[in-house]
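Order of writing sets the labels: A, B, C and D. Residues in every chain begin at 1.
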Amino acid sequence: MKETLKLVVIGAGSSYTPELIEGIIMHHKELPVREVWLVDIEAGREKLHTIAELSKRMIAESGLPITVAQTLERREAIVGADFICTQIRVGMLEARKWDELIPLQYDVIGQETTGPGGMMKGLRTIPVILDICKDIEELAPDAWLLNFTNPAGMVTEAVHKYSSVKSVGLCNSPIGFQKWLSEFLGLPMEKIYAEFVGINHLHWVSDIVIDGKSKLQELIDYPQNYKASNVPFDSWDHRFLNALKAIPSYYLSYYYMTDAMLAEQKESAATTGSRAEVVKKVEEELFELYRNVELKEKPKQLEQRGGAYYSEAAVLLMRSIYNDSRDIQTLNVRNNGMIDFLPDDASIEVNCVVTKQGPLPIPMRKIPQSVKGLLAAVKQYESLTIEAAVHGDRDIALQAMVHHPLVPSVTVAEQLLDEMLEKNKAFLPLFH
Amino acid sequence: MKETLKLVVIGAGSSYTPELIEGIIMHHKELPVREVWLVDIEAGREKLHTIAELSKRMIAESGLPITVAQTLERREAIVGADFICTQIRVGMLEARKWDELIPLQYDVIGQETTGPGGMMKGLRTIPVILDICKDIEELAPDAWLLNFTNPAGMVTEAVHKYSSVKSVGLCNSPIGFQKWLSEFLGLPMEKIYAEFVGINHLHWVSDIVIDGKSKLQELIDYPQNYKASNVPFDSWDHRFLNALKAIPSYYLSYYYMTDAMLAEQKESAATTGSRAEVVKKVEEELFELYRNVELKEKPKQLEQRGGAYYSEAAVLLMRSIYNDSRDIQTLNVRNNGMIDFLPDDASIEVNCVVTKQGPLPIPMRKIPQSVKGLLAAVKQYESLTIEAAVHGDRDIALQAMVHHPLVPSVTVAEQLLDEMLEKNKAFLPLFH
Amino acid sequence: MKETLKLVVIGAGSSYTPELIEGIIMHHKELPVREVWLVDIEAGREKLHTIAELSKRMIAESGLPITVAQTLERREAIVGADFICTQIRVGMLEARKWDELIPLQYDVIGQETTGPGGMMKGLRTIPVILDICKDIEELAPDAWLLNFTNPAGMVTEAVHKYSSVKSVGLCNSPIGFQKWLSEFLGLPMEKIYAEFVGINHLHWVSDIVIDGKSKLQELIDYPQNYKASNVPFDSWDHRFLNALKAIPSYYLSYYYMTDAMLAEQKESAATTGSRAEVVKKVEEELFELYRNVELKEKPKQLEQRGGAYYSEAAVLLMRSIYNDSRDIQTLNVRNNGMIDFLPDDASIEVNCVVTKQGPLPIPMRKIPQSVKGLLAAVKQYESLTIEAAVHGDRDIALQAMVHHPLVPSVTVAEQLLDEMLEKNKAFLPLFH
Amino acid sequence: MKETLKLVVIGAGSSYTPELIEGIIMHHKELPVREVWLVDIEAGREKLHTIAELSKRMIAESGLPITVAQTLERREAIVGADFICTQIRVGMLEARKWDELIPLQYDVIGQETTGPGGMMKGLRTIPVILDICKDIEELAPDAWLLNFTNPAGMVTEAVHKYSSVKSVGLCNSPIGFQKWLSEFLGLPMEKIYAEFVGINHLHWVSDIVIDGKSKLQELIDYPQNYKASNVPFDSWDHRFLNALKAIPSYYLSYYYMTDAMLAEQKESAATTGSRAEVVKKVEEELFELYRNVELKEKPKQLEQRGGAYYSEAAVLLMRSIYNDSRDIQTLNVRNNGMIDFLPDDASIEVNCVVTKQGPLPIPMRKIPQSVKGLLAAVKQYESLTIEAAVHGDRDIALQAMVHHPLVPSVTVAEQLLDEMLEKNKAFLPLFH
């Protein structure tokens, strides 16, 4: 067993990085990282520097023997890595703004991980990730790639299909739900078994088992007046959940409450601006804090950024792979027949046993019958988007757009596709 | 081989029946029907009488040895039947009007074979058809049931799932397309092989082969200025068809042009009334003609009623079953793995070889990848609707409604379901 | 539609060829062959000449405008062909003798289409056929390849897997059974529907339907004292057939009566010699006849050669493809999910509708449950043999040999493989 | 979480029971059993008494608060049980002797868990186990049934198919292999991941992973001269294992070395007698020891009985279910698509994560291609045997016998079946 580990963070200029550094420090005993390489591109040079300095101060404070390196030369960092985390944002928040705002003009949900916005983000991101994978194949073929980059389901599937890199997709949504559940029920997380069925940002919790007994109905029946700010499902229609016999993920609001969500998005766009714009401001404030040389720990304000638990999920996964822990985590992996109506090579988001060979998915016991169609339709859109991204194929992109459940017609799909491809021109070399 | 056949028509008071009688007369040599039993319910007594009298005059004119019987006692007719056609309309055109108009109030497509309207028609119809099947199981276990009754895909699937009756679902849409193709290409129908992929009212023609060569691209590329009134696809976006590599059925307009179709439906509702109301008038005019004792043949005006070729399809099917003809027809049958992402027990609408044992589906060569999700989603809704109909289960009905691609949200689904179940109360004893 | 056709026969020096010529002459109206190219290798030069001369005399007698060409240059013949029949025998009857006799020394069935013998024939033949396919891909990409060459199931599967040539595998066993049935029941073949389930030389007739009614039980119950020489199943144990509810093909004797068949093979080997040696004598006698310049028709004696109906099957298939006849024939085609427990890319032998695009398999209604394991095991051996043949891989060949149901142990498999590979050295360049 | 548990042992008069009692004592902290109910039938009254007395002495020695009850009234014991272990032997060792000796007379492997012997044991045992299940359904519906009774694969599958009892099948073979591996490699068991593929008594170890790296090839390459008495595979042909890329279970000797194993069985039968007879003597000696009132612990001699680790496997499983431990164990569970060429409702023997809801199988990474056929064939025989047992159907039993890979012909199958059914008459009420 290797006694020291090299961790590479690609897109390290992200405001999330301090959380990851904090995780590395906290779990040092079980995960002996000795080198952290922070990588970004020229456009992120300044942010990268800020993050690297803060990271060094945090590690110095901890007294641990971990070195921090920063570089714009990705290949230099990747050589011999054990774990590589990607958290890149091709086109940065500006492109996210387009993902969110352009669809709204057509009365279509604007969101960076599904629908037309998710497609654009996929088209921008997949070729870049596959380039990174080529470097990993060459320079660190045994490394594990932990992908945080959205749309995480598509990106993970693209890596599985077009590369030999060992890769897992990560999302903070399952761990967030489990943390809430743990607090709500007053039980440690390992006492709770929540069964996840679905794909990234489109999953359902089909059962919650405590001490061998299902508690799902109790959760569905929970009094309406309960209103914790981070409860993912307090606004669901009770009669509907009762019929569904599952708890949908937060992202399913875009499908199950399309009209209300669209109204809310339009309202926000008209007042506070797109989510991208809000995040931009939060990030600026965070970097303001990060630049303070007195700061030697992750600032509290980072938690409000959204994406809580992202790095906790990453550190837990690295720890379990490294130690062959065989505990259960909810991850994005190759389907391999687990969900029998999706292709074998689709990525799915389900419970897995994490071994040193990587995560092994566990079969589901209760797949809600009524969601199969929706799940198949969105996965279809994802797989088509991957093909379109890899081949720069507009026809396939049109098929993906037309057949996405949130797009109302071929006419709208054609217009959206034309406008969005044009807007994203600089980031879609394969299409132009 | 039986030398004389007994044919039963259930719902014979329909204005379509004279076409069926004409078919029986024309194909008498290959299909030696000797007894036609026309059955209807009390509410249709008068129409049944009109139809029976016209049928008798038509047969008398032909000089053929066929007897016509009319009855309100279904069981009396069914005894010993060889072929049974169902063309019933539970709730009559009044209920169809609700199917078409109520959804429009929620900005949802109103249609009697898909979406909320299709669901209501399914809920009303399936228990009645299964009752008829119980009679057939007892009184004519060897008979073939030809189901014309819409929603034909759901009804056929319900019969396969909940009865031992030998049954086939029929639609005029595939034969209509093939007739048009034959005329357009100037070739006899048997020289053309059109591959159908999908389910009733949701199919794609994935290839058209003539003399072993694919002509699909030629049809997709056909000049835009061609405008025959009955061309099913002249209004499709050419760029889209090119990307899809298939020709969608007319009914796919509801999915691919939802916004335009909805606008058209609302416009019609505001001016000419619902399709149900238009049909009601056409039917009244037809029955006016039928009552004329001088009329001894199917009147030309019937062809404008819509549903052309329905009875031609039926007669061709009976003829091929009776003669073990082994020709290819497009029919609704049990999936049995033909479309591998749909359940084995789903009904599908595909090409079949018609043998005396019934139709055997032929595997498809080109299943368009991008339509799998939509197809799975609509089939899911159909299967859930069947369960809801058989068990009178509102929860399952809600699941079906929520997950139908044309329904925008749980809130709308709840409201639509409540209003439509209430309106249809008289025809939904299992729900009330 | 092409008005004249070019037919190429590879391995035309076979004694079967006159039957094929007779078929071409008889069906000339529906299958307007104008050029027949007879191809063989140097070692078959003399036989080829004899066959070509006889063919010319037969055609002259018919008065039809068909030209006959003979050549040792395969590529010259293939250019622009419409149909290509392969009936080659790599290693000739001498190698067949080894296939039959070597296994007997180990108390294992010796047979040229299954078991160790079938494997050797597959290893010798598959690379040669794939070479032919490369020529067809280049010189006649639209041609149909009709493969008569044994082991026909493996060869067909290899062509589907490793070439883009349009290909069908043919066997005289299904047509032979249907001919016998037709005579036995006194009914024309087109009035009988026999359902075939399985793979080449390992199929079961799972139903026999006449006028829509199953006659299978009647055939199973047929009085034991009936003893026609060509009845394929009069020696089956009645109680067993009754339990099986299917009629096994003749070749299943090797599996269901292994002990008796082995005894018979050893007895024959000790007295009349191997089947290869018997055939060698018959062939010599036939060629003696063929050389007679007065002979202008297929001699009666050819029918005793075995393999009756082979060329009838071929001519019927070409005719139906050419005319897009859409009749049902039993052929070897790609599985594509028809038999759900075999791989999609396995070749199977089942009923197909023959269109101009080629044969489309029809789903089976009654797959006998108890034969799944045997069928899977033999198909596994076939697929492994193909891999071994293509890659010259001894390890895979060993796996195939060990896992064949007729091979009793790893030890015997190792010895047989070593001895047979050594013996076949001259014909297995990829292995040596 | 229940703080005290009730354990029922059915067939407790078995000589194995003291090992189970020892396990209960050793793991008392994690598995708080308070009541052990020992159940047997009238014929086992005396043995049951001996075992109960020994168990009481062992528990008294441990000082733990566990009560021991003995009864011939099964239902009395089952009421409210938490865990129920079945270790019955219908027909006792006498019937096992027939399973082993009768097939030898036909030159067929005689074995109590596969082939003709396994079938007879299945036919005798399955109806009795299903009767026990009816009692459990009524009297202890939440209990877990741990089935040790052979043929464990068939029995487990029968319970899953014909009962609602929560059930797992257990075998000592996987744990035995893992123990050996652990000792051989000098590593604790939890550091080793051995992937099991297959069904009970017919599995392959397709990979062995330590610290994320495959060690399979190293094990396959292990020097031939190594000869530990309990190494399961030192006698396998090295070239064969290298081609197979997996390690077969000991029981695969019956298939891969049929000739040698048959010779050995015949030799043993002629000298030491059948395995049943050997075991009978060992058991008599063990009971002699058990009756000694000074004995207060499991005697060493029990370990020579065979079946080592059986009760360790059982206690580990109960402990993990009780504590929701989520560790990985190799168990017999419902397939549910894990092995895609076997039916969903087949029992398979694979690695599972053991939760309080029961074991969840983990998908396999490396299914050896060449074994699919053999696996399918034996599973087919098992499923047919279950049907035959449940319905007392001789025809289905014949199908199972004929299609078992170790049975050479229909003739032998017929004779074996007749003779064995007759001999087992007293234990097969459904057949007679």
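Here is the rule we go by: contacts are C-beta pairs under 8 Å (C-beta built on N, C-alpha and C of every residue); 3 or more make two chains touch, one makes a residue touch a chain.
Predicted, not measured: the structure shown is a model, and the values here were computed from it.
K.L.:
If you walk from chain to touching chain, how few steps can bring you from chain B to chain D?
P.N.:
The least step count works out to 2.
K.L.:
Provide the C-alpha centroid distance between chain B and chain C, rounded to the nearest whole angstrom.
P.N.:
Chain B and chain C have C-alpha centres separated by 45 Å.
K.L.:
Please compute the C-alpha centroid of chain A, do the same for chain C, then give the distance between them in whole Å.
P.N.:
Chain centres of chain A and chain C, defined by C-alpha means, are spaced 56 Å apart.
K.L.:
Which chain C residues reach two or more other chains?
P.N.:
none
K.L.:
Show me, using the given definition of touch, all chain pairs that touch one another.
P.N.:
A-B, A-D, B-C, C-D
K.L.:
In the complex of these two chains, what residues of chain C are touching chain D?
P.N.:
My answer: residues 236-237, 239-240, 242-244, 256-260, 341, 369-374, 376-381, 384, 394-396, 398-400, 402-403, 405, 408-414.
K.L.:
Please give the residue numbers of chain D that touch chain A in the complex, ascending.
P.N.:
Residues 1, 191, 193, 209, 211-212, 321, 324, 326-328, 336-338, 340, 353, 355-357, 360-363, 365.
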